[in-house]
Each structure stands twice: as structure tokens, then as C-alpha cells.
Amino acid sequence: MSYTASVVGGSGFTGGELLRVLSGHPEFEVVQATSRSRTNKTVGHAHPNLRHLDLRFSDPEDLESVDVLFAATPHGVSMGEIDRFREAATTVVDLSADFRLDSEAGYEEWYDGHERPELLAESVYALPELNREALPGAELVAAGGCNATATILGLMPLVEEGVLTDDDRVVVDVKVGSSEGGAGGGEAAAHPERSGVVRPYAPTGHRHEAEIEQFLGLDVSFTVHAVDMTRGASATCHVFPGEPVSKGDLWGAYRGAYEAEPFVELVAGGGGVYRYPEPKAVAGTNRAEVGFELDPSNGRVVCFAAIDNMLKGSAGQAVHAANLALGIEETAGLDFRGLHPVGAP
Amino acid sequence: MSYTASVVGGSGFTGGELLRVLSGHPEFEVVQATSRSRTNKTVGHAHPNLRHLDLRFSDPEDLESVDVLFAATPHGVSMGEIDRFREAATTVVDLSADFRLDSEAGYEEWYDGHERPELLAESVYALPELNREALPGAELVAAGGCNATATILGLMPLVEEGVLTDDDRVVVDVKVGSSEGGAGGGEAAAHPERSGVVRPYAPTGHRHEAEIEQFLGLDVSFTVHAVDMTRGASATCHVFPGEPVSKGDLWGAYRGAYEAEPFVELVAGGGGVYRYPEPKAVAGTNRAEVGFELDPSNGRVVCFAAIDNMLKGSAGQAVHAANLALGIEETAGLDFRGLHPVGAP
Amino acid sequence: MSYTASVVGGSGFTGGELLRVLSGHPEFEVVQATSRSRTNKTVGHAHPNLRHLDLRFSDPEDLESVDVLFAATPHGVSMGEIDRFREAATTVVDLSADFRLDSEAGYEEWYDGHERPELLAESVYALPELNREALPGAELVAAGGCNATATILGLMPLVEEGVLTDDDRVVVDVKVGSSEGGAGGGEAAAHPERSGVVRPYAPTGHRHEAEIEQFLGLDVSFTVHAVDMTRGASATCHVFPGEPVSKGDLWGAYRGAYEAEPFVELVAGGGGVYRYPEPKAVAGTNRAEVGFELDPSNGRVVCFAAIDNMLKGSAGQAVHAANLALGIEETAGLDFRGLHPVGAP
Amino acid sequence: MSYTASVVGGSGFTGGELLRVLSGHPEFEVVQATSRSRTNKTVGHAHPNLRHLDLRFSDPEDLESVDVLFAATPHGVSMGEIDRFREAATTVVDLSADFRLDSEAGYEEWYDGHERPELLAESVYALPELNREALPGAELVAAGGCNATATILGLMPLVEEGVLTDDDRVVVDVKVGSSEGGAGGGEAAAHPERSGVVRPYAPTGHRHEAEIEQFLGLDVSFTVHAVDMTRGASATCHVFPGEPVSKGDLWGAYRGAYEAEPFVELVAGGGGVYRYPEPKAVAGTNRAEVGFELDPSNGRVVCFAAIDNMLKGSAGQAVHAANLALGIEETAGLDFRGLHPVGAP
């Protein structure tokens, strides 16, 4: 194994996924996982799938020197700790929102004040399908938000092909699983309340709009519903092109954007039970399914992207970006293909 | 009990709900339930919650004379049987799509040819919130489609108040449960495949658009997703008003439309866990929860309506309409308020 | 309405079910619901299905005088408040474990010390199928534990008929829903952790054993698993009779015990999809389904009882007992029959 | 890659799992997958997680020559096709029940007549924890039944240590997911009916008893419930030892049996949310979690084993056995560790 890695915030959900992926990665050795609440407990105490790992959580105050530090801490933590992180590691991959936006003003509009605005220009957004060329050699990487990732993957080909311009009204309706709320949760996350919901948890004003706007140059009408699954994010985007488009145009746009992408699969109305992108079909993987349909009655394009919010939408994207940053084979450690059948993973 | 009733197609899901509601209704006596596949079996054989009923399915060829016949047969059956139905009963309430539309052309556009187009003008659409004044004395009533019902309830106040005109682009994203596919189902409805999905089952072209267009005068961009619940339909409507509206305008519009309605409750951003319409909060009931939110960034109105697809969206609506047609207290038999907590009902 | 009622601890799950049942009960008027954490909020704030009720939670320190006070407080509270409760109401129905056992020694073995042991002899266990004759006129009623209720209903006919004696080894495996953990819950109750489990949450030593032992005179080998539903308790009891029994003997025993019971239904291997007791078939109701099967290979009797843990296992049983205590028609307010199909309610 | 493999019956659930595992296996090249119903369709048509594979189902009549043929056909098929299978492949691994039992009489007791009884003595039961020494060089391997596998893994250490003898009464209560019913399913498997059940689907007489009896020498009292998950089997075994045992004895027995086993993990009452074996913690893996608890009140041992029914209980066990039969590293292709959190996989 060529690189050492640590995970700060290892007892949370995305921290656990980082540990799982990195411990099976051919090029990384995990040398530290921190957790304030579970210091000295085994990582299996938090994550039953990692009981075989001989690793205990350590205090986040004592960071070991590593090649790559992955920070899976709540929003607002990394910006305060970033100097310690960068002292401990050459490459820092942050999974929070702290370094995703490139302007202080944008950050202040959607979050609170930023403690280290000068780093916003330096940090590199992790999503390789959007940003591959910027990743090699990057030393501060910001993994994207899960809902933003799904939306960007669904809309990007239409923007790139000029089908969608900023004059168009785009409605995005994202359905997400309960892991998005993170470990802990409160009353609303308790199983009796959360089971079976179709809960409009962010009818308007979801912060991931900021990333979508920044990277696609679009103001989207964005709504997020919580539905009954644990992992998964599925974005349905309703687009009204200025000029009529054909199915062939759409195939061209999406194939052009994703044909060479190892983690994106086009699923657009073929046979079988799964005719469009489906989050449960990508659960546990770093894959995205992307697809589309054309509404002949009014020219609307409906496009879909389904991901695992904790992987392609967070920890998997982080490792993918780290692979690219370090020059490792980009799919390394991320080859799990998912299960069938699978219930509500 | 003042009226006799029969249920044709009593072994299906909405047939079972009709039997449940009517058998607890103070003014109806159920004298017949038919089922071709379960003739002579008890109704409890199909519906475990009705094991206490001393009633066996009879052959649909032998219809008894009743005051009201409820037809819960697949689309296309009622139009062929309608003369027999009307011979057997003074009032026929049909739960299929056969008599929902008012023009033959509309029917042909969305379905196949209609066998009895002359009845389309006579039949009365059941939804009382839309059509209360037309129901007293009606002899042929057509219960609405579940997804159409949710959408109409969500948008109607905006149309009535002129917030929404037919020049506006309206996106409707409906999430539905598996009972919508009816008893039987095929490979896609099997539990291992259907569990946990966020399946775009009708990205475009769903037939319920026809009802929405007919009653609201709107062309909506309509998409339906199947999510992991058994009963429930939740419509999220994205509306871009021509003129800016305020929260107060919206409260005025929705209160004006629904204040006097016994089965509609406004749920729009209050406290607690359930801040917007939630299908599981109305499961098992004839209630609709309706709510809205205003997107300050672009003036978009997001409105929501949640119903139980088998009740407010079908059997409950049918009984509600029959109550009004016959001059019975309109809430009779429909007073169940739903459960809390409840999982994915 | 003939009687006034109050619910102490009205914001919890069983408190909400009490409010729902009592507010639809022909003989009760709910005049007070208390909640320490939600004082002055509407009951709809906690229970979305009760948004229509014009009732706000009040401080539990200020109890109004009523005919019946239902206490839905955590274990250990009622015994300290019982004098206040009895001062406020002629009849007190307690849903906690505080007054279920009839001896101080039994209480101390399974719980902690009892503050008012002299009341244990006075209190009446609520389960009417076991205890109907003791309920009329009772002034202190203790609703049973949900898992105990299911188990007692499953085994009682075998004990009464002498099929099962205390020399026999009885294994009881109960599966329960997440509402059993109550509102709040902790990390283990959060949706991502709780979904989909088959969790042996009480492999041994569950306190409900005490009730089973007290009322059936049996030492059972008792194990409870948490499975993926919100409401429901299903007891599977494995019994090895000393003398061989036939199917006919079993039918005789169960019919004898339950034929006249309005809330118990025998479901033992008939046709259709639901051949044995099924908790989802009784969800939302005060009904119990009870059934059995005989293992020809070794004479084992497997008997089943399925209930809604919050109703027949708690709030419904409490109202049923109150009806009997006050001489009201025993099914009053409890006539909801449940839904079909229904998912995981 | 050293060996070629084919999967007969590749469009079913365990066929799909075989294809998934084998296509990621370092030593196998999948050269053929057959399906009668989907001939010429891509494997991704049946299994959305395998859309990347460039492989189409072929007609089962035309078998290619391979090193190992895996048969995932319904019970009763392999015994009729076995000569063709063995002609096509040196090693045949059968996932059906056809070759699990070692006597014709046993087969006839639990199934129907056997067409090729002379092969029963030759076939080798696949479960390596039970049968490792018999597998190297085996040419006809029978993968075990999922419920039998879970039960055998749970009880085997107690049998080996003499804690459990055939004079003891053993009750086994298994909870299983819907994939156990296979692709297709009927009315009872449809999502609206199957969701949320605690269905006693085999109260008595489940055929997997035959395997348990054969390999452990025990008559168990065996009951299987269907619960709401797609994949998973969890066996809870209630054992009453003739002589008292201590926790230390149990740890000794289970450690002795499984310490060296790469796919068995002991989970017996430690900290965290997952204190006992949990099927969702092993979903997607070939792992088994095994644990136990001691009931101090009556000396009962409650032991648990949780597996993924399609992997450790079928396809994973088959590949594990094939690895051993061919002398490949036994964990090859089976290193996926599972996910956390995960819902109801």
C-alpha cells in the first residue's frame, strides 16, 4: 500500500463509509480514525460491518501524520481545524460544505460567515465528472453535497450541450434517504416517525442550490423530499428547453458527457423492471445512474440521476477524488457493483 | 339503514375498501359483493380485515337490485356493463376511468375508444371539493383518479384565485404507493423488486393528466414516482405565478377554498414533525392534507396535497359522493381519522 | 356523552392513541390531556392525526376532576402520583407496569422497589379475556404489557384446557414494532439503524415474563425480537403437551375460550394470503388474531397471537377495561376494523 | 483467470448473485449464463447491478464446456439434467435441494421421489464450516438451504461440545426475507401484501429440517416467519441443555468452532447498537454472525445466527465451496464486508 490515510469524524455515517472503502482499497492504509464520542472504542462499535478491523477510535486532538486526511466532520468544523489538518496531511479531503463554494459571498448567503475565506479559491470541488482536470495534485479537496451531486449529474449534459440555458425554468425534485440526516437524529428521525414518509423536508431554500448554481450557472427551483429508504438520493429534473430537442439529441448529449466515465451509467427507458435511474440499484456503490425522458406533449425533458448519497454523494466521491489527486487508478477501492434484489438499503 | 348497496369487483383493493367503509356506514347495507375469481368465497378470504363480515362473493353475472351499485372494476369494464349496472341500481358510482372525462375526444386521446360516449356528458365527477353542487341527485358518478385528485386539490385554490393561469408552467411530481398497481401485480410489483424504490414509473404521459386538464384548465407537466409505501399519494406542485404572491395571499386562497370542507386540512409549515402534507398521516382516511410554501428566491409556489389513494383518491371519494348524491350527511361512514405513529401503511 | 376523561402523558404514543380512541368514543368527553414537554401546544402538534381536536396539552401538575383518568406515563411515575390521580378521578386506568403485578415481591424481582405496594392487591389487571368478571366497578385498573398480552392470549386456551401444564417447556418468541420503544428513542431507534432489523432486543429476562407467570402460572422461555414495523406484536408460542392433542382438541380449546369474545378472531390455516395471525391485519384496532398449528412430527403445538401493541396491547385494552368498569357497551369506541392492504403500519 | 464458469438459471435471484460474485472473482471467468425466459437478453435486463457486463443469457439447452457449472435452477430440475451438467463441466455446484440429503429415504420423506438416488452418496454438502475436509476435489457439490445453514451455524458448536444432545428439545424460529420466495412470486409476494408482515409461513414441516437433522443429528422444532426485509435469514435457537452451562462454556464452544473460520463472526452481547447477530449487518456478504445468550432463570441457551440467505445461504456458500473444491484461496471473490447504515436490504 502506497499511502497512509486518516479519517477525522470516523464514527458518523460517512466516516464509516470512508473507513469501509479505504480499508478495502489497494493503495491506502488507514492509520487513524478519530471520534470524540467513542474514543478508544473499536470502529466496529459504531459500524457493525467493520468489526473485523483492528482499529480503535482516537481523540481528534491527536492527529497522526498521514498522506491523506479525510474529514467527515459536521459543517463548520473543518474551517476551524483546517490548519491542523493540513499540518497532519499533505492532502486534505473535506466532506463538509466548508470548502465547496468558491466565494465568500456565496458562502455567507447560504451558510454563515466563513472563517477562512482565502482558502475557498484554493479548494477543488471533488466531483470528477465535472472537475477531473483540476484534481491531480490538489491538496485541498471538497467533496460535494449529495443532492447537489445528483442534480449536477442529471443536468450537466444539457448545460454542456446548450439545451438548457439560464433563461430556462428548471424544477428539481430530489428524494433522499434517512442517512442524509446523519447519525444521531432527533425526534423526526426516530423510526416510528420517519418510516414511510413522503416528507417535504426542504420545500425551498436547500443549501445545495448554491453548489448547483455555482457549477452549472443555473438558478434551479429545488425541493427535497425524504422518503422511506436509508441510503440513496434520486434527482428528478424538469427542464423546458428553449429550442425543441429530440430523443436523439438527448442520447447524444448524455453519451457525450458520460461515455468515458467509469462511474456513470445511462439508464433511459430500456426493458426490464428498472427502466430509469433507481437509487437502490446503486446502493453501496460509487456509481450514478443517469437517464431521461422526453415529454412529447410539451417538449419537457425529464432527467433523472440516482446515487448512493453516502458514496457517490460523499465518501465515494471523496475517495474517487483522492485517487485522482494522487494519481492512483481512479476506480481503485470503488469497484463494488451493488446488489440485486435489494430492499430499501 | 336506509339504502342497499352492492360492490362489483369486490376482491380488488378498492373493492375491499368500499366493503370496509360501507359495512361501517350508518346508512348503507351491503347486500352483494361480486368477484369473478373468488365466487362463493367469503370476503375475508380476500380482505383479512373483513373476516367478521358474513358475506360471500357472488358471480358478477347475477346482480341484485340495490339503491347504489359501486363498480370497482378495471378500466374499460364499466362502459360495457353500464346498462346492466343501471338496471340493477338507481345510482351507479364507478371507480374506473370510464366516465371521468366529459368528451369522447378527450377519452380517445388518453385511453382507447369509448363504447358509450353519450354517457360522458351525463356522468358527474365525484370530487366534492370541486363538484359538490353537481352531486345531489346524480345517478352516474365517476370517482376521480387518485393522482389527479391529489393534484387538483393542491392546485385548485391557485386556479380559483387566479394565481395560476394557463400560461404558467406547472410541474407536478406525484409519489405513490404500491396499492396503486392493484391486486395481482407482476414482476415489478413483487416485494423484492418493489421495496425501497424511487421508481419513475410514469415520467411523462400519465393518463390522470387528462382529468387535471379538464377540471383545472391547465396543461401540467406531470411525473409520477413509485416510492416505498403501500397506500398514499403525495402531489408536489411547482407553480410560477405571473404576478408575485405573498404568504398571506396563499393562506387566503387555500382558506377560502377549503375552510368549510370537512375532509381537507391545511398543513403549511407549522411546528412539530409533520409540517407539510404527509400521506401516512391520512392513511386509512378520506382526508386530504393540503399545504404550500413560497420560495422567496424566485417567487415559486410549492404546493402539496397528500391523500390515501384508495380512499380520498378512490373508494372514500366514491362514498363521499354517494352520500351527497343521496342527501345523506356527507361525512357519514368516513370519520376515521388515521393513526399516529404509523410506519409505511 | 356520559363520562369525562383525562389523559395524563398525552404526548407519548399510547397517550396519543388514548386521545384518538376517546375522542371518537360515544360515551367519553376528553376534558384534559397533559404533557410536561408540550404544555400549551395543541395535541395535533404531537399527533398529526388529531389536528382537528380543539385541545391543548396542559401542565400535569394541574389535574382537572374527571370520571376517568388514563395515565400513560413511564414506568414508575404512576405509583408516585397515584394519590393525586385518584383524587382527580373516580376511576384510574394506568397503562404503565406499576400496578400490573399483584405482589410486592414479584414487582421487586422484575422492577425496582414499589412505593405503594398496598395498592397491588386492589388494582385490577385490564385484559378482559382473562379478567372480565373483575372489571365492573373497578377503580384502579392496570392495562397489561403488550408482549404479555399477546402471549397470554396465545396460551390461555391451552392452560384452561389443561393441554399445557407448568411442567411443560414453553418457548415464546415475540416480534415487535418500533413504537414499543416509545416516543423519543435513542441511537438504536434512529431510522437508519432501526430499519430492517431482526434485532434480538430481549433474548432473555424481559419483564413481561412476570405478568405471564402471574396470570398463566407458567414459567415461559421468553425472547423478544424487534422487526421492521412500527406497530404490532406477534407472539409465537411453542408448546409440547404432556399428552398428545389433536387439531380438534385445539379448535375446541380456542373456540371455547374465545367464541364469545368480541375482539378475538381465530385464524388458523384457512385459505388466502393471511392464514395465521398477522399484526398488520389488526393494526389500528383493538382486535387480536389468535391461531395455532400442530406439528405432526413431534406433537408440538405452535400457537400465535397478533395484536397492535398500542391498542389491544395498551390504549385499546385500557378503554375496553374502562368500558367494562363503567358498565358501558364493551366495544364502544373500539370498532375500527383495520385496513387492507396495508404496508408496515 | 484460471477457471471458466457457467451459471444455469442465471435470471433468478441466486443466479444473479452467482453472476455478480463470479464476475468479480479473481479466478473465474464467466463464459455462459442461461435463462429460458430471457434468452438473448443481457444479464442487466434481469439484474440492474450487472448492466456493465457484456453477457447475454443463452438457451439452457446449449451448454458450453466449462470448469465449473453452477446450477441455480428450481428444486427437481438438476436431478434430471445432472448428466448434461456433468458432461459440460468437471465440477458441478448445485444450489437446489436435489443433492443435499444423503439418503433416498430422507429425500422421499421431505421431497418427492429422487430420479438419481445413486448420486446422493457422492454429492458433497457445501457448508465449509461443517464439511471443509470433504470439499477439496469434490465434483458434485450441493449448496445448503438458507434456513438450514443459519440453524446449523447457530447450533453446531453446542452439538460438537456435547451441550446439546438428541434428547434435548430444541426450538428454532427463523425469520426470513422476501427473496427467499424467488423471482416471480405470486399474490402473497406482491408488495402490498408482503410488506410489513410477520407471517408464519412455515409453522411446521419446513423441508430444511431434513438437512439439520442429517448434519446435526437433531430433531428440531422448526418454524419459519417471513418478515419485512428482502434478503436475510436469522435463526433464533432455544436450547435446554441437560447439564447446566456457563457463559464461559458457551464462549469456549463457539470460539472453538469458529475462531479460524474466515466468514463467521461472534457477536454476543457487546456494546453498541448491534449486540447480537443481525441479518442487515451481513447483507450482501458471505459472512455469518453467530451469538448466544444464557437465560439465568432456567438455564436456557438462546443462540442466534444471521446470514444473507442468497449468499452465505446459497450463492456465496456455493462459490466458497467451489474455491475449496478447486484449491483456490477460500475467501477469493467473497471479500465484500457489507454496509452501515443500511435499511432493509
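Read from first to last, the chains carry the letters A, B, C and D; within each, the first residue is number 1.
To be clear about the criterion, contacts are C-beta pairs under 8 Å (C-beta built on N, C-alpha and C of every residue); 3 or more make two chains touch, one makes a residue touch a chain.
Computed from a prediction, not measured in an experiment: that's the story for all the values here.
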Centre-to-centre on C-alpha atoms, which chain is most distant from subunit C?
A
Contact counts by the stated rule: is the higher one at C-D or B-D?
C-D
Based only on mean CA positions, could you tell me how far subunit C sits from subunit D in angstrom?
38
Centroid of subunit B to centroid of subunit D, CA atoms only: how many Å?
45
Could you check subunit A for residues that touch two or more other chains and list them?
13, 177-179, 183, 187, 192, 195-196, 229-230, 273-274, 278, 341-345
Any idea which subunit A residues touch subunit C in the complex?
13, 177-179, 181, 183-185, 187, 189-192, 194-196, 230, 343-344
The subunit C residues in contact with subunit B across the complex are 13, 16-17, 20, 24, 41, 44-52, 177-179, 183, 229-231, 265, 267, 270-274, 278, 281, 283-285, 335-345
Residues on subunit D engaged by subunit C in the complex (per definition of touch):
169, 171, 173, 175, 187-188, 191-193, 195-200, 203-205, 209, 219, 221, 223, 225, 227-229, 232, 234, 236, 238, 240, 273-280, 293-298, 300, 302, 304, 306, 341-345
